[in-house]
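Below, chain A partners chain B and then partners chain C, in two separate complexes.
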Partner chain A sequence: MPLLLPILLALACAPLAYVAGRWRPGASAWVGASGAVASLVALGWELTLGPARLVLPWAPTWGLSLEFTRDGLSGLYAVMALSVGALVVLYSRAYLPHHLEEKGRPARDEVRFHVLLLSFMAAMVLLVTVDDLLLLFVALDLTTIVSYLLIGYDRDDPESRAAALLSLVLTGATSVVFFAGAMTLGLQYGTFSLPLVFERAATSPASTGALVCLAVGALGKSAQVPFHFWLPRAMAAPTPVSSYLHSAAMVAAGVFLLQRLYPLFAPALAVRDGLLAIGFLSMTVGSLLALVADPFKRVLAYSTIAQYGYALVLVALGSEGAPFYVAAHAPCKAALFLTVGAVTQVTGKKKLSEVSGLRHSLPVLAGASAVAAAGLAALPLTVGFFKDEVFFHALVQRGPAFMAAGLVGAGLTLAYTLRLWWGLFGGKRQDVPAAPRLLVAPVVVLAGSVLAGGILPGLLVEPARAAASAMRGEPSTLALAYHLDARAENLLAVGAWALGALLFATRLAWTPGLARVLEVVSRFGPELGYRRLLHLLDRLSTWLHELEVRDLRDRVASVLVPTGLLGLTVLWVTPLRHRFLPGTVGWADLTLVMALVFASGAALATLRARGHMVLVLLISCVGFSLAMVYAFAAAPDVALTSVLVESVFTLLFAGLLALLPSRRLERAQQEAQKPRGRDRISAGIAGVSAFLLSWSALSHLQADRVGTQTVKLAEVAHSPNVVAAVLTDFRGLDTVGEMSVVVAALLGVTSLLRLKGKR
Partner chain B sequence: MILIASLVVGLLFACGVRMVLERELVRVACGTVLLTNSSVLLILAGSFPERGEAVNVQPGFPVTDPVLQSLALTAIVIGFAVSALLLTLVHRTQRAHGSLRTDRLVEAELKRAHDTGEGTPG
Partner chain C sequence: MRSFVPPLSRMLVRPALIIALALWLKGGGQVGGGFPAGALAGLVVLLQYVVMGREQARRYVAVRYAALLAGVGLLLLVGTSFLPVLAGYAPVSLFPRPGQPELGAGAFHLHTALIFEGGLMLIVFGLVVTVIDRFALSTSTEEESGP
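Entry: the complex of A and B
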């Protein structure tokens, strides 16, 4: 199983880091990062072997299997997740101690962070490697859960907890929608295996509803409009988390899903048009908000929304550049996040308006982040240039309107990137202490990769083509090279730079106005709807809770009545409902029926019993009548046990009554109020439901019983009494369990009776 | 026979629920006993239509389903143990709170939550 090697290595990182962290807190990051690098090496070796699939049987009776794939798409995303993951873990080694000190938490909490981050990496690697709709959902939810823990890492901070909850609710809810889509497809095609689904979808296209469900799951994850508002809130997390979530993991997962499932979306033009519109909308909303945001991390968060809007547009257009776009964006965004994290740590400031001119104190960081910013803004000699080239290339084929939208989008990107970088490093000089080397090194490495990709684009052609062909299911002719001529892509790029530079130069003129407009608009955004909904749900829950706890009886009824109604509903909707058999009654059954009538009479009489002693006697009367029933029903063992138990129980009950002070008993009897009407109704519903369910069950007894087999086997067990054989031989474990329940109960009884005093 | 047996099961269950919904703990305990009885009856009712011999089985003669009998036995014994525990709990509760009424218990619970500053959840 060589295909599993990188996954297993990635999964092993978190436990290994935990063990190392128990030994020495500082070691966990290094161990985790080396594990990630080892996994990366294994992955690189495997990618040289070419595409492959691995199918492990899971639950064959239900047609479920664990399916993994190794193709260009999974390779590209896994390399991204592992390499950025390793760098971010190392960075957090330098970042976390300071952060924890600031929050007043012990230094050993650092290990928890590394373990969570590495688990996230493993979940991401799993997500990109699986080749099965159900496993996709499982891995998607794994990333959701770990991201909840990561975003809420500062658990003492209410804002951080609220942000974590928001991201959990939003991405969790959308991934449930994804699950609905996956189930629909699974039922439609009779399989969850992706290659088979794609094959069958070629002849009968997937239903629009299922595709929309899948798309909603992906859009929620990728923080696209209208689900975008969780992402800026998630900035409450420590910076390494934001860096990882935004560049190579969480947010990338949504777009990855769309790329993985692209063959399903390819024929559905309406869905693709919808995705296109959402992509352009996210681009606009994200870019505009990034232009006015003041905290640096928010600028980058809005930029992520916008950039994944681009990626969404590329997927919707079916462009071969879509996987490459995400991959080229990852190092730039990760580097910028790590930069602002370092700036915050050195200066203690979080807003653009509070810092300036840091290039003098942090020259290496300024240089490296300039490269990363250039990459994000798609300037030449960086890998980012090609991400915009493939973007423009896809738009040119769709006509002038798309080209204009792309031009504006790219111009806005340049403007906000310039604004961010200049705000941090340009302007009036501020002197701050130098940044720790481990905080700067990952940024330099990422910037180096951005530069290398821009200078030697030939190296990237092969992986980009492999990913594109895995996404579209056909060979790719994607080309990445500089062309010094007046082709439309180049003109658009130059136009975008000019627009960006113009916007940046005139920023003081329009920023305040835009900020005001956006503030007004965002007040009516989807976040408002979310808050309203949450508030309503909260009130509903409080109301139900109040209703439930006011009286213990309502608590009991609130379990019994819905269960009874559920049982009745089940009977109503299942096709069994015409098969209630009344059964036959002969003279031989007379004694049995009489005993049953006796039991019922005694049970009804308990409701009317006034004194406690009468009540106890009536209850034991029910028990003894039932023992009679069992005797007439030719079950002597049960009847004997029943008589025995009933006698002991009656004695026990009478003893209890003797222990309770009679004064209190009398008062309790007097105070016991008349039954409320709704108690009668509850009892009625429960009784009718129990009656109908048992009637239906007894009417459907199989003619071929286990009992007949047991009777034959009893001879082998050398027991003339079949029941004894069943209890001791065939269901011996049950009996052992029963004995332990009895022993535990008796221990409880004795210890409770021995307790002295009031408490 | 099936109809009669399931009617009695339903009746015992309804009486049990009715008792459990009473305000007084002794009656609540009695109610659970009735619920246990109704479920044991349901298990064994599966063998009513074709009951026969239970012990000394002869080939060719009808046999009461031994599996159902053993299940019923298990249910009876466990039901007894749990009811005994419940009765002792009733006794303990009365000692601790000085009352046998459920509404008093709720009041005491709320009061304690209030006193310790936890407040009601929500």
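Entry: the complex of A and C
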């Protein structure tokens, strides 16, 4: 399974970093980064072997398998996630100690950060490598969960927690929508394997509803309008998180999904037009907000929304430059995020209005970030130039209106990038201490790659073509080269630079007005809807919670009544003939009946029991009588287990009584002696439902067929003890699940009683 | 007056554990299995707690590390269930497969189901003992010691 090697290496990074961190906190970042580099090397070696697929059967009878692919698209995104990931981890080695000190947290918390970041990297590599709709959803949710932990890394900061919750709710909810789309497709085509789905979609196109669901999931992840507002809020996270999640990973995941699933979207022109509109809208909204935002990280966050708007437009147009665009954007944006993180660490400031003229104190950082900014703004000699070239190339084919929109968008990009860089490094001189080398080095490496891609574009043609052909399923003719002539792309680029420069030069004139307008508009944005919804849900949950915890009896009823109603509904809707058979009772059953009478007597006696100890003994009496029933019914295995379990249960229950305050027990006793009307109703519903369900189930025992067959199969499975065969072999997976629950209960008991012990 | 109960309860430990082992090992062929074996072993430990107190009962290594044993049990369970997947079998494929010959005598046979049942036994034992231990800890005033 050579295809899995990079994934396994990436998955190993986080545990290795944790172990190294236990030994020495400073080592975890280096170990993690080397792991990422090792995975990158393995991936590079794999990519030279050409495309391949790996199918691991999982539940073959249901047609479910774990499928992985190695193609241009996964290669491009995996390289991006791994290389930026390694650099960001090294950067956070220098960033975190200072950050933790500022927050008053111990230095060893750094390890947790590296581990989370590396887990995110692994989830991302998994996401881009899988080739199956269900695994795609699983990997998508993994990234969501880890990003929640990362954004909320500053646990003591309420703003940070709220931002984490917002991103979890939004990206989680949209990924559930994605799941609905994936399930619809799976049911429509009878498989979750992507190549098969694409093949069958060629003859019968996917339903629009399913495609919209998939698109919603992708848009939520990529922070596109109307889900865009989680991204700026997520800037509450430490800067390395923003740098990684919001350049090469989390937001890239959404656009990646659309590119991976492009063959489904290709024939659905209406859906693609919708995506196109959303892309242009996100471009506009993001760029305008980036022009007026004051905190640096916000500028970059809005810029990310706008840039992924571009990528969305490219996907919607079916352009072969879409994967390349994302890949070219990632190093520029990551470098800029790392730059502003370094600036914040050195100066302690977070807003553009508070800093200026840092080029004198931080010359290397200024130079490297200038290259990255040039890349973002698509100036020549950087890889960014080509990202705009492919963008313009796609728009030129659609006509003048699209060209104008693209020109304005690119002009706005240049304007806000200039504003950011000039705000940090230009203007009146401020003297600050030098930045640590490890903070600057990753920026320099990223800037170097931006520059290298711009000077030697020929190197990028091959990966970009491979990714484009994997996305579109046909050979790509993408070309990246400088042309010194008056072609439309070049004219558009020059026009965009002129517009950007003009906007930047006149910024003092229009910034205050634009800020005021946007402030008013944003008050009525989708964020308001989110807050209202959250508030309503909160109230609903408080209401339910109060209903439940006010009284122990209500709490029990809140479990029993819905269960009982569900059972009755199931009985009501399932069409079964001879639903309730009375069966026959002969003299041979006398012992059984006696044991059952005993059990029923004990059960009835609990109604009048005074004192909890008596109650426990009566309940165990029921259990022991049932064990007797099993023994009489020639089921020695079940009987033995029941006796043992019942003994343990009775003793533990009695022990538990010693832990409860006696006043509580007395009150519960008094309450139990005086049932209220609604208690009787709840008990009635639960009892009747349980009785009818059991009767119905026992009326349909296929004793001969199932029993004989099971006995025969148990012999074959080398286990003459049928119960053991069922438990370990036929239903082994169920046993594993049940035992996991037991272990979870064990952990719960341990932590609950430890808490009690501390008080 | 010296009670005969504490020595008696201590004498019961070994026979009970041997019966538990027997229940586990012959579970595939006759009455038994990992679940009752774990419950029986747990009951013996429970007896020690009741008769001799937490301090004395924790002299046994298996009692001190009961929670860890449950973890080991889960690993055994998951291992026997999912390691065959790596070799291309369906999950929870037990060996020898149906039709293949197996080694063994009487009710005892070498079969990977034994490892599976062993995992069950350890989990049940770990749960019972840990819960007892926590109860004992919460009702007594002594400080927590050991893992």
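Everything below uses one rule, namely that the second predicted complex is superposed on the first by the 590 of 759 C-alpha atoms of A that agree within 3 Å, B and C clash if a C-alpha of one lies under 4 Å from a C-alpha of the other, contacts with A are read in each partner's own complex, and residues count from 1 in each chain.
Convention: contacts are C-beta pairs under 8 Å (C-beta built on N, C-alpha and C of every residue); 3 or more make two chains touch, one makes a residue touch a chain.
All values derive from a computational prediction rather than experimental measurement.
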**Item:** Partner chain(s) touched by A:P636 [first = chain B, second = chain C, both, neither]
**Value:** both
**Asked** In the superposed arrangement, which partner chain does A:P720 touch: chain B (first), chain C (second), both, or neither?
**Response** both
**Message:** After the superposition on A, what does A:L746 contact: first (chain B), second (chain C), both or neither?
**Reply:** both
**Prompt:** Is A:T574 touching the first partner chain B, the second partner chain C, both, or neither of them?
**Reply:** neither
**Request:** Report for A:V645: first if it touches chain B alone, second if chain C alone, otherwise both or neither.
**Result:** both
**Request:** Would you sort A:Q397 into first (chain B), second (chain C), both or neither based on which partner it touches?
**Result:** neither
**Message:** I'd like to know which partner A:L659 touches here: chain B for first, chain C for second, both or neither.
**Reply:** both
**Most chain A residues touched (candidates chain B, chain C)** = B
**Request:** Classify the contacts of A:T506 with the two partner chains as first (chain B alone), second (chain C alone), both, or neither.
**Result:** neither
**Request:** Using the touch definition from the top, say if A:T735 reaches chain B (first), chain C (second), both or neither.
**Result:** both
**Prompt:** Across the two complexes, what residues of chain A are contacted by chain B and by chain C?
**Reply:** 636-637, 641, 645, 648, 652, 656, 659, 720-721, 723, 725, 727, 735, 742, 745-746, 749, 753
**Prompt:** In their complex, what parts of chain B are in touch with chain A?
**Reply:** 1-15, 17-24, 26-27, 30, 33-34, 37-38, 40-42, 44-49, 51-57, 63-70, 72-74, 76-78, 80-85, 87-92, 94-96, 98-103, 105-106, 110, 120-122
**Prompt:** Of all residues in chain A, which touch chain C in the complex?
**Reply:** 56-60, 636-637, 640-641, 644-645, 647-648, 651-652, 655-656, 658-659, 716-721, 723-725, 727-729, 732-733, 735-736, 739-740, 742-743, 745-746, 749-750, 753-754, 756-757
**Request:** Could you pull out which chain C residues touch chain A in their complex?
**Result:** 27-33, 35-36, 39-40, 42-43, 46, 50, 67, 70-71, 73-74, 77-78, 81, 85, 88, 90-92, 94, 96, 98-99, 102, 109, 111, 113, 116-117, 119-120, 123-124, 126-128, 130-132, 134-135, 137-139, 144
**Request:** Using the touch definition up top, name the residues of chain A that touch chain B in the complex.
**Result:** 541-542, 545-546, 549-553, 556-557, 560, 580-585, 589, 592-593, 596, 599-600, 603-604, 606-607, 612, 615-616, 619, 622-623, 626, 629-630, 633-638, 641-642, 645, 648-649, 652-653, 656-657, 659-660, 664-665, 668-669, 671-673, 675, 679-680, 682-684, 686-688, 690-692, 694-695, 697-699, 701, 705-708, 710-711, 714, 720-723, 725-727, 731, 734-735, 738, 741-742, 744-746, 748-749, 752-753, 755, 758-759
